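Below, each structure is written out as structure tokens.
Next come two complexes, and both contain subunit A; in the first it sits with subunit B, in the second with subunit C.
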Partner chain A sequence: MHLAEGVLSAPVLAGAAALAAAGVAFGLRRLGEAQLPMAALLGAAFFVASTIHVPVGVGSVHLILNGLAGLMLGWTVFPVFFVALLLQAALFSFGGFTVLGANLLIMALPAVAAHYLLRRLVRPAADGTPPPRQRLLVAGAACGIVGIGGAAALASLALVLSGGHLFTELIGLLVLAHLPVFVVDALISAATVALLARILPAALAAVRA
Partner chain B sequence: MRAAPPATPLAPRLRLGAAVGISVLLSQLTSPALLLAACAAGLLLALTAGAKGALPLHSLLRRIASVNLFVAMLWLTLPWALQDGGLQWSEAGAHHALLISLRSNAIALGCMALLAGLDAFAIARAAAGLGLPPRLARLLVLTVRYLGVLDDTRRRLDIAMRARGFHPGADRRTVAVLAQQLALILIHAMLRAERVDLALRARGFAAAPVPSARPLRPWRWAAGTAVLCLGSSLLWLLR
Partner chain C sequence: MTLRPFATTAALLLATTVQAHGLAVVAQHEADAVTGLARYTDQTPAAGIYVAVTPENSDSPLAEGTTGADGRFRLPVPPGGPYWAVVEGEEGHRAETLAVQLPAAAGGNGEATAEALRLVREDIARLEQQIRLRDIIGGIGYIVGIAGIAAWFAARRRG
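Then we have the complex of A and B:
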């Protein structure tokens, strides 16, 4: 979910950039040198996964997966998403440099929320037993709900702060356009979390405490 | 992702810095005439870069289309006001939509022209050279390095799934198969990270410097600050 250049007001852009910079700095503090390859690989994996398109009606939607990324990466998601958004702005004209801070907050804050809200649901028991499948499915679906729902809410907030009632209908259209993404992201995240627990339980055990 | 010939002889980090600079400058302009001129100049530069082979026309068109998806949503909402007489055209809303459309396109075209021909590695090195914190610069370079690896994995999985007769649709099977694909990409990434970690430990790990991430010389910082001040003054005058 990217807001385009030229939409947000200068104070919103500056405030979002400052908050995003603080988030990146905090994320980097929690990311040791030895964990850089893991963060880079997971960042690249989520970047590649976001190019997967799912047919919906006559069109298709692409995955966002910010909730799932947040569940696995915690605060590290800030620098990881910064890298992804910078590359998307420079190489594909998705978003932009001025709006990078706002887009980073929109994507990363719900991801961090998903991490803190859902990490207990996916962690294996002390003896290594994975959580029940139903609980994993709920946690995965909640990743999509918190991730995409939170991103839509923050994007709406940024628009309201920039244009007030002027953007009311635009916000409605933006939310409506993202409803299919919301459903698809929740379904695929749920199935993915359940699969990860079955194929490589260590993947979810690595979720930071 | 092979680098195409550069569109201009400017150094990549200067081009990236200029792209960020013009984005900031244009995002604050409120004059439609100036923004239209910026759009025209950006389009001309982008087409020139295309003629030199640094920015293929199909890529330019695809990127303009992606920018204008959001612009289309603006035109569907901003110029219309629901009043007693029904849906009515709003001049103020249309003016706002016009400004945002011109800004979005001018910034996108300017950035495309300036960054034409730079691949992901060049962007990463340029960003590192512009003063990103060293750890963030290493994360950027590593991410770019692994993007190709994991994209290959995704393509192989895609081919394997299609060879087994999978056609994506809006159904349960598609959700299950795409979740499998995603889980396998993540597992591949984690196992590779484990191997990288072991290799680093075996070599007595020390963080490697990012290539071409030399700090800018003081005179370059001074020149950059001067350009920034000049741009801000210009912006203030134009507003």
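Then we have the complex of A and C:
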């Protein structure tokens, strides 16, 4: 889902870069000291996830895990994904430096949405009892769906705004092609949230209001 | 309990070809054509995607076509150059490269020489595109370092 260099038009690139910079600045202000280790951990997971290809049928998909990071971090995903995307562009040539802003928005906005939509599901009750396991699994799976679905929608929007040949047919394809990513990301995210609740409940309790 | 939902899911997964995120292209300018190979970063061939050859300093294509099932393409071009090969795939994938001019082979087996050069260039490109473990570990190292700097600043602010 990394858009490549030379695909988007200049106004779209500039607008996305400005919005992304604002998001990074806002996210940095919200990054508390206590959140730092989790932010680094999820940043590293997001950075590595896209290099892991899971063979599915004749092709292969790679994990994205933006929804999971968003659920745990909220607006802090902006600086976290910025670092991860910058490193992916520098080390793996995924995306590129001029499209960094657009790719950051595509990954981070759905992640923030996942945070606000799903955080209620994973926080322990007022008396400290953890949420039921089923609810955690639902929240984790929904992370995958919100994260990937939102990213596909935003990528399509960026392509539409830029016009150009071939794109109109491709936009429907983008969502269709990511169907297996939905499944894999949802499964991994659900498993991760359930595991966190068992071995590290404090991590979920720390999900910010 | 029926297995139908699972079977449907499995069928959907098998039916959809999913491309990894990166697209890469290698191309060379031979006597009368630009040939090349487009692959995704997981080294699967980029089959049936748009490919164009443009002269340097111009965006209007000299020749257009699609890649074959093996990701290879061959577009006839007039002599001259240098030419760029541009491939555009699904999901906003795009890659371009300079089509390196291959020297005209002397003797009777020019096509065999060109084929050998093509294969060598494809191999070199594959090695260059490979994601290496040291890059992944290096990237994690950067993230740890950046988190360390942030923690240092946070500690200074508090203390």
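Note that the second predicted complex is superposed on the first by the 192 of 209 C-alpha atoms of A that agree within 3 Å, B and C clash if a C-alpha of one lies under 4 Å from a C-alpha of the other, contacts with A are read in each partner's own complex, and residues count from 1 in each chain.
Here, a residue touches a chain if its C-beta (ideal position, glycine included) is under 8 Å from a C-beta of that chain, and two chains touch if they have at least 3 such contacts.
Being a predicted model, the structure only gives us computed values, none of them experimental.
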item: When subunit B and subunit C are modelled together on subunit A, clash or fit; value: clash
item: Winner by number of subunit A residues touched, once subunit B and subunit C are compared; value: B
item: Touched partner set for A:A203, first subunit B, second subunit C, both or neither; value: first
item: First (subunit B), second (subunit C), both or neither touched by A:A191; value: first
item: First, second, both or neither for A:A49, with subunit B first and subunit C second; value: first
item: Contacts of A:A40 with subunit B and subunit C, given as first, second, both or neither; value: both
item: Which of subunit B and subunit C A:G6 touches, first, second, both or neither; value: both
item: Which superposed partner A:L91 touches (first subunit B, second subunit C, both, neither); value: both
item: Partner chain(s) touched by A:V24 [first = subunit B, second = subunit C, both, neither]; value: first
item: Contacts of A:F182 with subunit B and subunit C, given as first, second, both or neither; value: neither
item: Which superposed partner A:F82 touches (first subunit B, second subunit C, both, neither); value: first
item: Superposed model, subunit B segment overlapping subunit C, candidates 19-27, 109-117, 145-153 or 217-225; value: 145-153
item: Set of subunit A residues, in rising order, touched by both subunit B and subunit C; value: 2-7, 31, 33, 36-37, 39-40, 43-44, 47-48, 51, 53, 56-57, 83-84, 87, 91-94, 166-167, 170, 173-174, 177
item: Partner subunit B, residues of subunit A touching it in the complex; value: 2-7, 10, 13, 24-25, 28, 31, 33-34, 36-45, 47-49, 51-57, 63, 65, 72, 79-80, 82-84, 86-87, 89-94, 96-99, 163, 166-167, 169-170, 172-174, 177, 184, 187-188, 190-192, 195-196, 199-200, 202-203, 206
item: Interfacial residue positions of subunit B with respect to subunit A in the complex; value: 16, 19-20, 23-24, 26-28, 63-64, 66-67, 70-71, 73-74, 76-78, 80, 93, 96, 99-104, 107-108, 111-112, 115, 118, 120, 123-124, 127, 133, 135-136, 138-140, 142-147, 149-151, 153-154, 168-170, 174-176, 178-183, 185-193, 196-197, 200, 205, 207
item: Residues of subunit C defined as touching subunit A within the complex; value: 9, 12-24, 41-42, 44, 50, 88, 90-96, 129, 131, 135-136, 138-140, 142-144, 146-147, 150-151, 154-155, 158
item: Residue ranges of subunit A in contact with subunit C within the complex; value: 1-8, 31, 33, 36-37, 39-40, 43-44, 47-48, 50-51, 53, 56-62, 83-84, 87-88, 91-95, 155, 158-159, 165-167, 170, 173-174, 176-181, 183
